[in-house]
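Have a look at this one before I ask anything.
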Amino acid sequence: MKLLLLLALMPMSVFAEEVVNGADTAWIMTSTALVLFMTLPGLALFYGGLVRTKNILSVLMQCFAIAGIMSILWFIVGYSIAFSGDNPYFGDFSNVLLAQVSMDTVNGSIPESLFAMFQMTFAIITPALIIGGYAERMRFSAVLLFSSIWLLVVYAPITHWVWGGGWLGNVLDYAGGTVVHITAGIAALVAAIVLGPRRGFPKKPMPPHNMTMTITGAAMLWVGWFGFNGGSALAAGGDAAMAILSTHIAASTGAITWMFYEWIKFGKPTALGTVTGMVAGLGTITPASGFVGPAGALVIGFIASIVCFNAVIIIKQKFKIDDSLDVFPVHGVGGIIGTLMAGIFASKELGIFSGQGGWDREAIVIADQLQIQFTGVIATVVYTAVATYIILKVVDMITGLRVNEEEEQQGLDIISHEETGYDL
Amino acid sequence: MKLLLLLALMPMSVFAEEVVNGADTAWIMTSTALVLFMTLPGLALFYGGLVRTKNILSVLMQCFAIAGIMSILWFIVGYSIAFSGDNPYFGDFSNVLLAQVSMDTVNGSIPESLFAMFQMTFAIITPALIIGGYAERMRFSAVLLFSSIWLLVVYAPITHWVWGGGWLGNVLDYAGGTVVHITAGIAALVAAIVLGPRRGFPKKPMPPHNMTMTITGAAMLWVGWFGFNGGSALAAGGDAAMAILSTHIAASTGAITWMFYEWIKFGKPTALGTVTGMVAGLGTITPASGFVGPAGALVIGFIASIVCFNAVIIIKQKFKIDDSLDVFPVHGVGGIIGTLMAGIFASKELGIFSGQGGWDREAIVIADQLQIQFTGVIATVVYTAVATYIILKVVDMITGLRVNEEEEQQGLDIISHEETGYDL
Amino acid sequence: MKLLLLLALMPMSVFAEEVVNGADTAWIMTSTALVLFMTLPGLALFYGGLVRTKNILSVLMQCFAIAGIMSILWFIVGYSIAFSGDNPYFGDFSNVLLAQVSMDTVNGSIPESLFAMFQMTFAIITPALIIGGYAERMRFSAVLLFSSIWLLVVYAPITHWVWGGGWLGNVLDYAGGTVVHITAGIAALVAAIVLGPRRGFPKKPMPPHNMTMTITGAAMLWVGWFGFNGGSALAAGGDAAMAILSTHIAASTGAITWMFYEWIKFGKPTALGTVTGMVAGLGTITPASGFVGPAGALVIGFIASIVCFNAVIIIKQKFKIDDSLDVFPVHGVGGIIGTLMAGIFASKELGIFSGQGGWDREAIVIADQLQIQFTGVIATVVYTAVATYIILKVVDMITGLRVNEEEEQQGLDIISHEETGYDL
Amino acid sequence: MKFVTAILRPHKLDDVREALSEVGVSGITVTEVKGFGRQKGHTELYRGAEYQVDFLPKIKLEIAIPASKLDEVIEAIKNVANSGKVGDGKIFVSNLDKVVRIRTGETDKDAL
Amino acid sequence: MKFVTAILRPHKLDDVREALSEVGVSGITVTEVKGFGRQKGHTELYRGAEYQVDFLPKIKLEIAIPASKLDEVIEAIKNVANSGKVGDGKIFVSNLDKVVRIRTGETDKDAL
Amino acid sequence: MKFVTAILRPHKLDDVREALSEVGVSGITVTEVKGFGRQKGHTELYRGAEYQVDFLPKIKLEIAIPASKLDEVIEAIKNVANSGKVGDGKIFVSNLDKVVRIRTGETDKDAL
């Protein structure tokens, strides 16, 4: 027992990078399950409840198909693009088909197979998040083709920039503010613009067909996010614990802020508002989660809700963009302000609001770090926007992007999948 | 990278109590996710399915809002009240805003941030359990105000008494028989009495609007309870494993006992009965889970179902109290008998029914321990009842407790939240 | 790494059995929760969505009741039959009521209480899988009696053969291809034949009443399967990680293959097809999961979908057997081909498709191993078929197997449980 | 014979059924409907988008009766379903040519 | 023209539709309804509280036909929907003034 | 008075309601129904079992109006609900003997 315990806790010795730590492995396997759970069924239900009955299966189906295809692509080539090679902009193909990953290869203190698998769940959820931008009108074949190209052309390279040894390696992005939320948010916005609004928008109300489903999915996102942010520590220690605490506080504050804000502004607090605030809090804390403390997370959650709340209204009512499930104002805007705030609240000079985490936080000078963060945000936004636009145009030429009016009228469930959601 | 890794894994210092154990940390992070999962979506769905369609969102919303607000309050002051200071009745304010919790503080073998976070999930579910007592009629503002005061005035102090170094420290309560289930059960009963019954009760039938939702939630409670009880070991070892085994056996026995009892008494075994028995088994085993063995758990699960079954009928049909979702007869009564039985089945003198667990069970003398357990129960019941009553009266003066008749008729979803659950 | 691994895998040496490894324990507790989650609510929802509204609660109820009763039986005698004694065909009764399991007994590197509990979740899901064969027409009392006898007469002995030191110990079955999927699939087929088809089959269409429920359940199965296969490593290391990776790749490939196959063959890709392919991939990789690598898993997932797809159509349309939810063609056939393919892809001679895993894979000679696998399959199929048939006949004499025509018409929810699923 | 169609507030169903039983009506067919009329609806609010729901849940009762019972039936419904607030609903009466009881083939009054 | 309203057991729908097709009825409108009548309901049981469900699921068919087809249609429905047990339902017939086919503007018989 | 029953495509509801408001119709009762007619349904596919869904979602409007308004109302519905494709639906008109407003007891035209 003693010996084993010592081994388990042994601080890596000289050969640190070759030793698998059981506890870290246990936690990252758990986190992997939690992040998969975020997409399936979490996000699928969160999004699915928000569309109209006639499109419910199309959303669930898109989540499933994306999960399957992105996993295969990630295994075949995505992981290699993101995490191999020395090029600062694009990985190489040395790890195609995970050729260099075996039982015995180790990444940090966990098996590399696990690291690749954990990252795979991020590669699933990011394209899945974009569904919210084009929901209820995109052809299924276009969804698949778009997501596949996008994964390899946008997601994998940006992952490489930020986490894979690329040129944005000094951006503080703990769990995917740039990599996941900004890319997904921007892509959804571009898709919403390129595809155009759903017929009837914005005049015709398109209320959620099943709020209980959306709230269930939201709850699952909350729980799963513990693995998303806590797992990004890649170890089971104080870092992960602090990331979970911060994540939870930001989610809570985001939820409650949105609720009260809505209550004040529109007279009633809604369940949809509350869960939206929660997601805004979660998306926003993501890049900061392992760097900040809970008091910082409180501030971040609060700001997230206020800003995203207004972003939703501006995008929909002012710009009349039909980003159907509000991916950009919630995830994109959240990811942006979160990445910026990570540069502030990681600082250890802020008293109770100071950063926490097992990294060299002495080095943070807010102004300098903010500049780095800013660069990361701009690069991610611009590259994602341009690349997404081009990919959509290409896909349009190959499969066409939208179903026609009559098909949209009848609903994607029958049109694309010959199924109906409910026969109660 | 190297440095970061080293820091993250460094086994803190020479002194054991300051050493974070990775395995324990991994397990308690998992348990934290599981306990959050119990409330969101578990309990929300379990309760939500039982109300009428027009109130479904109000229940889900209350669960969410309570999760958010309790978390913030716990972070700000609740944790400090529960777990700081030497006063036997009430903690101090030295840990307000978790001021003393940093990356490096440790509680037992896990980071203190994690301990605070794990406890936070208990501080969420306890007020959420009370929802079942006042469902379908309480004003949303009253729910929020009541829950907030109750957390700080009832829950946090009683946690201090039992687990935080207070005067009931020698009561055997492994995972919250007194702290969670008795407090919630009694509070629900008092709330049901003070608010009065839903209009139409008991003449008008108010059947569950979505039994599939209730059963789904029940299943999640079962799974999550592994974290609730198993996590209360605060370590990943034989203790936690035995707690999970006992928990599972009690849930199974509770479910099956209720099913057969109903079958015999009313001619048909129902799904609602079965899951209610499961919850009764789980609530009842909670205080005993880490002290007893599986054979003891079998007896506890059996007794739980028989007693709670009759309690449900007595409260509703004899006393005509509209504890709408039967919180008191299931959780309150379960918590009481579970706490008492913990004093029996923890004993090592019972052959196959003997206690298990990594604590000094030689010391248990059933008669003595029962007296201690009894004191714990009485203190919790009396204090909770009185304090809850006063809080409700205060809240009534500030916001009013109930919606009016017409609002109750129309349903809380529209009235309080301007939303509807389903538009299928 | 080597040492740790050795300890973790060491088959019971002199010191081994006394050492609990915290990390392994943490992971197996998590896995236990995940496997329970597969049945409740995963499988319950997956199956529940596929039946007609009038039978939805009967399916959920059967899952719950089976979970409860199998747990109790496993605790009382099932575990002892499966995992005690030296007889190659049937365990002994030395561990009845887990008499020899205490706080301090260890199995490998985890507490034996945990091992028994982990195995219990397998003993729950296997009889629960069979529900799909007799859904919508079997009497509830017959379901309970059949499942109980079947657990002790079929499941526990076959578990003993393969995992409990029995005569099939050299069959490669990592997580239950024979033990779980073949037994359940064959039993469902036999039950479907013995009970006869639902009235109206195959003329009358009986479409799923709630596809969103089925997809939700499918997603939960996917996530939970990480515990099913990853947990079968019984340790938190490279083995478990590789098993999870393979599992995930097979699920993805299975899903996407079925989707495209259907798209080509019937003109539309369906959500039900996609999740069915996913389950086929998961069922098929199960026996192979810890032995093969991800590239092998890709091939296995692909073959699984192609074969199971055709099996579904053949069973239903050619043989007109009403295996209502397609248990045999998906789980049974998947289990068979998976067990056979395990014998191939475990080999280390296959280049990128070679096996992975912390076991002595040098020893594998494909031809020899295939023969062993084949023996395992045949033995399991034959014994299960014969025993299931006899058990059903016995149960028929005691309780009768089917409800009558009018009851079937009205639906099992009202008839067996006096409840209805929805009152929206 | 007359065919009475009544639009009512949903929660009045049980009371109306009882009142009808008392005047000897032994069969009713009920449909969930949505009504649009003078009674104003409510707003719903989804992420800042407020919209007006004009169609309110109502129930529709269809009752075949002998002409002789018409006044009694109208009276019974009116008494119980009347809450005095806008939205209580309407009773529509039309003529019924023929009634057949499927089970027995009985027709008209015998079939009611 | 006549307007036939038939209340049936839900599982008879497909058979009745076929029988109607055979007598040349080309359009039907179907509504899920709840029926209250002689057929007794079932009890439901929730945590020991038993209660009586009196309203049973039925389907309502509405069929506009030329008067000439009335007997045939009634016969067709009766034959197929009749199980001989209480609760088989009723057929109600009333007069129809006018029919318009929205698409073409055709009226009356041409619109059927 | 006349009782107008219109079967329409579901997504036409809002437009028709507006058109009716314009001709002074102040009350409508709406039911979700399934229609069977010339318009062909779709197939659904479940694990290789394809089957035909013949009943299509439609909505039924019931509108009580003074006889004088009949033509106007028919015209209003026709104009808006007409898409020129099979399945646009029908309008059925029958006679209405009596109307009662439950709240006030007003009858006939006053009750509309």
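Per-chain residue numbering starts at 1, and chain names A, B, C, D, E and F are given in the order in which the chains are listed.
We adopt the following convention: a contact is a pair of C-beta atoms (placed from the backbone, for glycine too) under 8 Å apart; a residue touches a chain by one contact, two chains touch by 3 or more.
This is a predicted model, so every value here is computed, not measured.
Contact with both chain C and chain D is made by A, B, E, F. Two chain pairs are in question, A-D and A-F; the one with more C-beta pairs in contact is A-D. As a whole-number value, the distance joining the C-alpha centres of chain A and chain B reads 32 Å. Look at where the CA atoms of chain B average out and do the same for chain F: the two points lie 52 Å apart.
In terms of their C-alpha centroids, the spacing between chain B and chain D amounts to 46 Å. Note on chain placement: the centre of chain D and the centre of chain E lie 18 Å apart, centres being C-alpha means. For chain D, residues touching at least two other chains, in rising order: 31, 44-46, 50, 94-95. Of all residues in chain A, those that touch two or more other chains are 5, 8, 21-23, 26-27, 30, 207-208, 210, 268, 270, 272, 417-420, 422, 424. Of all possible chain pairs, those that touch are A-B, A-C, A-D, A-F, B-C, B-D, B-E, C-E, C-F, D-E, D-F, E-F. Of all residues in chain C, only 202, 205, 207-208, 262, 266, 268, 270, 272-273, 276, 309, 312-313, 316-317, 326 touch chain F in the complex they form. Residues 44-51 of chain F touch chain C in their complex. Those residues of chain D lying in contact with chain E across their complex are 3, 17, 26-31, 62, 64, 94-103, 105, 111. Interface residues of chain E facing chain D in the complex, by the touch rule stated above, are 2, 5-8, 31-38, 54-55, 58, 60, 74, 77-78, 81-95. Chain B contributes residues 2-11, 19-23, 25-27, 29-30, 32-33, 36-37, 40-41, 44-45, 48, 56-57, 60-61, 64-65, 67-69, 71-72, 75, 97-99, 102-104, 110-111, 113-114, 116-117, 120, 140, 210, 213, 416-424 to its touches with chain A in the complex.
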